[in-house]
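To start, I am sharing the structure in question, which I have written as structure tokens.
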Amino acid sequence: MSRVFRLIISCPDQVGIVAKVAGFIAEQGGSIIEANHHTDSVNRWFFMRHEILAESLNNDLDGFKQGFEAIARDFEMQWQITDSARPKKIALFASRESHCLADLLYRWHDENLPGDIACVIANHPDLEQMAQWYEVPFHHVPVTPETKPEAFARAEALVAEYEVDVIVLARYMQILPPQMCADYAGRVINIHHSFLPSFVGAKPYHQAYERGVKLIGATCHYVTEELDAGPIIEQDVIRVSHSHTIDDMRRQGRDVEKTVLSRGLRYHLEDRVLIHGNKTVVFA
Amino acid sequence: MSRVFRLIISCPDQVGIVAKVAGFIAEQGGSIIEANHHTDSVNRWFFMRHEILAESLNNDLDGFKQGFEAIARDFEMQWQITDSARPKKIALFASRESHCLADLLYRWHDENLPGDIACVIANHPDLEQMAQWYEVPFHHVPVTPETKPEAFARAEALVAEYEVDVIVLARYMQILPPQMCADYAGRVINIHHSFLPSFVGAKPYHQAYERGVKLIGATCHYVTEELDAGPIIEQDVIRVSHSHTIDDMRRQGRDVEKTVLSRGLRYHLEDRVLIHGNKTVVFA
Amino acid sequence: MSRVFRLIISCPDQVGIVAKVAGFIAEQGGSIIEANHHTDSVNRWFFMRHEILAESLNNDLDGFKQGFEAIARDFEMQWQITDSARPKKIALFASRESHCLADLLYRWHDENLPGDIACVIANHPDLEQMAQWYEVPFHHVPVTPETKPEAFARAEALVAEYEVDVIVLARYMQILPPQMCADYAGRVINIHHSFLPSFVGAKPYHQAYERGVKLIGATCHYVTEELDAGPIIEQDVIRVSHSHTIDDMRRQGRDVEKTVLSRGLRYHLEDRVLIHGNKTVVFA
Amino acid sequence: MSRVFRLIISCPDQVGIVAKVAGFIAEQGGSIIEANHHTDSVNRWFFMRHEILAESLNNDLDGFKQGFEAIARDFEMQWQITDSARPKKIALFASRESHCLADLLYRWHDENLPGDIACVIANHPDLEQMAQWYEVPFHHVPVTPETKPEAFARAEALVAEYEVDVIVLARYMQILPPQMCADYAGRVINIHHSFLPSFVGAKPYHQAYERGVKLIGATCHYVTEELDAGPIIEQDVIRVSHSHTIDDMRRQGRDVEKTVLSRGLRYHLEDRVLIHGNKTVVFA
């Protein structure tokens, strides 16, 4: 993979944004590998993502940033430029169920995850050996109703220590404190084992079984204070039938959970997800 | 297609049901084309469907029924046997949107719907010409808040007159009166334009757009008094993205609506759907 | 739908194309509704599509074209700009099977096909009434081994007379003469009832049944002289099982055939398909 | 999971098979958990699978077998009865690519594979550590053109030593000798990284890229002497576009390969696959 810079922009829509940005990139000698635009015509908002070949620029990243600052100001842009040579650092929060954790660790080991897994933080010790095989630091931080504040303080301290960019709740089964949701807005990704907004909260497979749905699903979303209500990144479903017990759903659901989580996380790691209000633009 | 009898059974589970039923069919010389069983081990209930080649029986249908009665009593069966040579009669209830109506009429015309469309009943006159081309009687029965009781009395009279077996709400957009839901329990099929239980009620595509889901769906279900809460027969979804407006969703959703409705209706027409509580067993 | 111009470009890849094109559009006051780029890094070729809001331009289409000519020359572009207010004219070639024809006619009638169906040309008279209901001229042009040259001369004359932009072989079942394939390169779309390159040629469902595949499919592609080997626009599949007879496959396959054809045709009508060698770039 | 016996039968079709078999099971007190039948009306052949609750039988397995022998003879059945308490033993044949191996080992570790992985046999040493973590014996059996006969003799010796029931080629990349294909007919499962019969042989993703297909797939099949031509157990596909390089296809394809292999293997391990000629009946 060649080193690329990813320029991510959102701003009020107006004529000339693309021309201005593309013109600036061209001045810098930038070779565009991939480009995506989206105009939200309801909210009159504009979204844009470019992948630029790093070696093509006749300037370094700081130079690029400085030059771009003026354009950004003119168009009132929210923007960032990231460097594929500095992959995002990930903390995996886990509990006892291993399928999502195992899947992400394996993808990373297989050099098939565009980020770095910095540590695993789990409220149970069960998955320590798995993390160890992949040579990822494992921290057992138990959570009880009484110790919840201390536990999350400890978790946040670890996240800070490892300079984590994104927290992934890989079937973590604990609800983050509101303050933590706020502090890490747009940087905590959860996998919920239903096709949201159906079956919010606990035991979604039980709920699905009771309702007699013919498809079950999984949803990867950013965590916000309201449970299972944050911006959705990715979803998928699989077919079930009357012959599926709750256990069958749980077993089959694991496959769709890990697929959806790994896909959603990949989008985030490659800066393909732009949050706007409670929705996402995903340049997949 | 050969003529077949379809024997549909549900009863409390116990050892020996299959043997008894299969033994009886064999005694009658019955050649089994297709057989399906399901044991609901939670509720200890048993479901069964056989397709028997009509010409293989050494008895007529009445003889078969009489003989079977004793077995049915012993096992406390709910049962019926239907004849593929007497396809179910369908009333299509429609409004202004044509996609589901057009799809079902075409499939019927193409000899690809195992039932007979007896009439179209619509609360707007728009689709009359379409029904006429297919030579299906069209009845315009307007519904206003004031005339609702008379309108549904008229609709029910038509249903009785045409000796209709199943009512299909092909995007009918009107809520049936509770009494009618009760009278036709298990015989009114609706298509709802969302992946239920998400987005019950009005304007599901608007709701889906607001929530920012990445898949939209449709649900074919039996109508009960509680809106969009009846037993689900079939569901499916298609992918959408941030670039889809509500209109795009509505347009693309039509394809999944008509697919799901035609599939669910086919199951019903072939007696593949067994209702138990608020859920279905579908021997697809 | 607002009126838009669609600017389609392909050319050798180099730095600065996007900037130049976007700069020109901005100079013209053009508001970009949708933009797509693709760089084929193997062949070093660049592809681009813009939708520009017609009313935003401070120039008419001819003015735009003249101004753009210089850029196009500099970058050795193959390019065109089309106007959504002048939808492409379609000739549907049909035979006896009605499902693809019925589907396209209905979508057009439902104002859900971004083109105009100018005529139906069929080698059998069976579908005349269907075309008539939609008020589309129907021409019965029989084809026999002996009359093939005359028949296709007649068909081509009709295509010319109706000023047809694109020919759709809606299960036409006849092989076009090589000269016609060459003359209408990139303007004849076929639906083949298999997942190409599997099961080229006659009776693909028989072939699929014999091989025991677990999915059957359909392929929408441009017609070239070599049978079923032209550039693929769209494909899809559905699941089958051991219980499906060839007739079941044929029946179920119809749904995927018409879906794939209508999707592929839509892409073509909206100028989303760029042919390069024997492959397509589809800005879906 | 309760212990079950699985009774698998195929025989020439005739009236009375189901009655006879179900009658016998009922005499033995057998509680049927799941039952599937299929009549191949083209070849007039009948297929049947029952899952019987072990504890419900008033006889042991040997008693059951003895009693059933007479029925089997009368109907010229090929049959077997297997015991879920004696899961099949699996040898995984691997090479350098880890994704299928890792997936199957993890599913087994997660108690989500209804079989026992007895050993890994690989022609490269790369995956030894992975096998070790799961505490599965790993045998490095290099294969070169010169040593091929000795290498496969060694592999067969290991298979015999571990009393292996089924060999899984988990991206093994070597062609088994014809004699071995014959000796283990119906007991060697391969995953091919294309939607067969498209792209037989080497480098299917290259072939898919060249042809410009819009979906790529994977096929799980029994190995026969003719390369990639054995009976198909399971297939699936995922969508690709013009923007996918061969490397992208290879990366994304891994997900469908491992899904299809694990599904197909599960069917085999649960005795859900009946081979007939070059096709399978899969009671999924």
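List of remarks:
The first chain written gets the first letter, and so on, giving A, B, C and D; residue counts start at 1 in each chain.
In this section, a contact is a pair of C-beta atoms (placed from the backbone, for glycine too) under 8 Å apart; a residue touches a chain by one contact, two chains touch by 3 or more.
Worth saying up front: this structure is predicted, and the values here are computed from it rather than measured.
The most distant chain from chain A, with centres taken as the mean of CA atoms, is B. A count of contacting C-beta pairs for B-D and for B-C identifies B-D as the more extensively joined pair. Once the centre of each chain is set as its mean CA position, chain B and chain C turn out to be 36 Å apart. Once the centre of each chain is set as its mean CA position, chain A and chain B turn out to be 41 Å apart.
In chain C, 34, 41, 243 are the positions where the chain touches two or more neighbouring chains simultaneously. Interface residues of chain D facing chain B in the complex, by the touch rule stated above, are 15-16, 18-23, 25-27, 29-35, 37, 39, 41, 56. Contacts from chain A toward chain B in the complex involve residues 38, 40-42, 47, 195-199, 211-215, 217, 231-237, 241-243, 245, 278-282, 284. Per the touch definition, chain B reaches chain C in the complex via residues 34, 98-99, 102, 106, 110, 112, 133, 243, 251, 254-255, 259.
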